[in-house]
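In the part that follows, the structures are each spelled out as structure tokens.
The same chain A turns up in both complexes below, where it pairs with chain B and then with chain C.
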Partner chain A sequence: MAGFPIDRIVFDLATAVAVLFAGVMVVHHHPVKSVLALVVGFFALAVCYVMLWAPFIAAIQVIVYGGAILVLFLFVLMLLNVGSETRSAGSRRPVQTLLSGAALLLFAGLLLGLLRHGGSAIANGSQGPAAAEIAPLARLLYSDYLLPFEALSVLLLAALVGAFVLARREAGP
Partner chain B sequence: MLAPALAVFAALTTFAVVPYGATLPLGGRSVPLIGADVSIGLLYIFAITSLSVYGIVLAGWASNNKFSLMGGIRSSAQIISYELAMTTAGAGVILNAGSFRLTDVITSQSGTWLGFIPRWNVIPQFIGFIVFYVAAFAETNRTPFDLPEADAELVAGYHTEYSSMKFAMFFMAEYINMIVASAITVTLFFGGWTFPGFTPHGVIGALLSIVIFTVKTLFFVWVFVWVRWTLPRFRYDQLMNLGWKVLLPLALVNLFWTAGLIAAQRL
Partner chain C sequence: MIGGIPLNDVLLASAALFTIGVAGALLRRSAITIFLSIEVMMNAANLALVGYGAALGTREGQIIVFFVIAIAAAEASVGLAIFVALFRHTETIDVNEIHLLKW
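So, the complex of A and B:
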């Protein structure tokens, strides 16, 4: 990356957008707007993947998360016509405070670790255009990582059957 | 304001990876006639078309009007259902070409069988072509599948509350989508800019290849308009039945058939 590091700037901008909109998603009161913020965050994440020479992951990210799952979220939210949520002030249980404190600690730890090994994610990711090809990835997925791959698909199938059982109407008399 | 812009954006950017001609020699350089020859060409197309639904859903929701909202909800369910069939039908082509790169898809379809039958994907994968094209109708909201705007029930569906340029942008998006869907169908199943017995030489050859591509694309655009004035609109349950119980199994049959053909060739 000699000279003007345009790809570094694009990457940093995309990460900033992703983090910003993830925050908006958590904080926003209106569920539909939260989902839309999540869409923007996922799209920014896809840009990050492209900048790390992983266009396949980026495309899958946009197709699966951006194009299918979040559209489904929107569909359900609009079908139920959910309005702005109402929040009760105070009356926080100690468990909640404890959990959020633990999450904050974990986040701080991760941030410290990342700062210490600064920029190593990008350094490992920039393997150039050779890493952007799909065929080697597919070969790995269907040889060395075949077992986890198949186990995941069985897990998804089980989740599908479980959802069907839960959503099924009880048979009438 | 965001919704029509999103619709047009998704429609326009899809064309970036579609090769529309052979390589053009120009002043000592050769210019490939394609926006960006990326290694994930077809996946890119599916990714962007899956984003096009946001334009319609957002328009339906932001209008704060029950007819518009109904249109938006219908659209999201319809596009999710038909995307599966479309992607599975496209996977057959990818199997045959062995690459997501659309220039490779076209190269795999050049040449002929027995000297006069073009090696287009439509001949071994006719089922795949039908499924893909029907799903393309659903993805572009053209008539037998235009439930999101169904004028008879929903006034005008998702664009009821839009007027002037914003309305025009929705219509531009719809017609651009028609052209892009035709161009992708031509690229995947009808050999793109190739034609049996035609090998592009020099500038004239490159220009001729653009003409071939345009004529093929315009034929499918014509079919889009033809079907619009021929078929009535589906009912909602018919739409869902067709998508999940007919097109998706047919697309899977096509996938297995193509895989079987490739395995038979390697024996």
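So, the complex of A and C:
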């Protein structure tokens, strides 16, 4: 693609921000700061989705993930009044080193797979900006995927009732 | 390529996010942070799904991500309710302190 690759630069910047703030989330020892860092990371991911011609996904990423799920996390954290993580009996240094090594090994494995059979195998099948239209997505969702959609609504209702029952204070005898 | 974005950039970001999520889930001891790490892993999978969907020119990737996000919302509500119930019993959410089922 000739010219200044502005799409790629914006996308790479947004992914860098997302990865950075996900790292901040893991490193911070105060859970409230972890959640707030992840809010920024998820907003950056929404930018990535816009760049990948998925504006609907970007919108529900902001509304559902940033707006509902993470606010629920914050709400629970403030309800429980959880402070910073303190060093407890099971936090041994060698174990942590071993686990970090395992995570790095996983990353190496993913990179290897990426280099061997990554995106190069896929032809350029994208439809351009027309792919960003939301109406065809809605048509697909309410025709071919209607049954999973309805099952999902039942699941959400079950989760609502389950959360209520679990978090309810035990009634007196 | 999706517009000017090579698919490998998407997959690399997805791999990095997934690894950060795995590292967080393995290294941290606060149940809430472990839960957040799992959310990061799900988001990494979502990014790969949207990227592949866009590269292949289909909308199925976005449909799957829609379902994943809705199920993540259900999972978060139930999981956090479990943490609230657990906190009432044990006064902590440190996973090293919670070993009722551990032999």
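Definition applied: the second predicted complex is superposed on the first by the 132 of 173 C-alpha atoms of A that agree within 3 Å, B and C clash if a C-alpha of one lies under 4 Å from a C-alpha of the other, contacts with A are read in each partner's own complex, and residues count from 1 in each chain.
The rule is simple: a contact is a pair of C-beta atoms (placed from the backbone, for glycine too) under 8 Å apart; a residue touches a chain by one contact, two chains touch by 3 or more.
Given the structure is predicted, the values throughout are model-derived calculations rather than measurements.
Within the superposed three-chain model, A:56 lies in touch with chain B and with chain C [touch as defined at top]. Shared-chain residue A:112: touches no atom of chain B or chain C. In the superposition on chain A, contact is made by A:25 with chain C only, not with chain B.
Look at A:68: by the touch rule set out above, it reaches both chain B and chain C. By the touch criterion defined above, A:154 reaches neither chain B nor chain C.
Shared-chain residue A:103: touches chain C; no touch with chain B. Taking chain A as the reference, the larger set of touched residues comes from C, when chain B and chain C are compared.
In the superposition on chain A, the residues of chain A contacting both chain B and chain C are 56, 60, 68, 72, 79. Residue ranges of chain A in contact with chain C, taken from their complex: 1, 5-8, 11-12, 15, 18-19, 22-23, 25-26, 31, 34-35, 38, 41-42, 45, 48-49, 51-54, 56-57, 60-61, 64-65, 68-69, 72-73, 76-77, 79-80, 82, 85-86, 88-91, 96, 99-100, 102-104, 106-107, 110-111, 114, 118-120, 122, 124-128, 131, 136-137, 140-141, 145, 148, 152, 155-156, 158-160, 162-164, 166-167, 169.
Chain A contributes residues 32, 36, 39, 55-56, 58-60, 62-63, 66-68, 71-72, 74-75, 78-79, 81, 132-135 to its touches with chain B in the complex. Residues 1-13, 15-24, 26-30, 32-33, 35-37, 39-40, 43, 46-47, 50-63, 65-67, 69-78, 80-85, 87-88, 93-94, 96-97 of chain C touch chain A in their complex. On the side of chain B, the complex with chain A involves touching residues 38-40, 43-44, 46-51, 53-54, 57-58, 60-61, 69, 72-73, 76-77, 79-80, 83, 87, 99-100.
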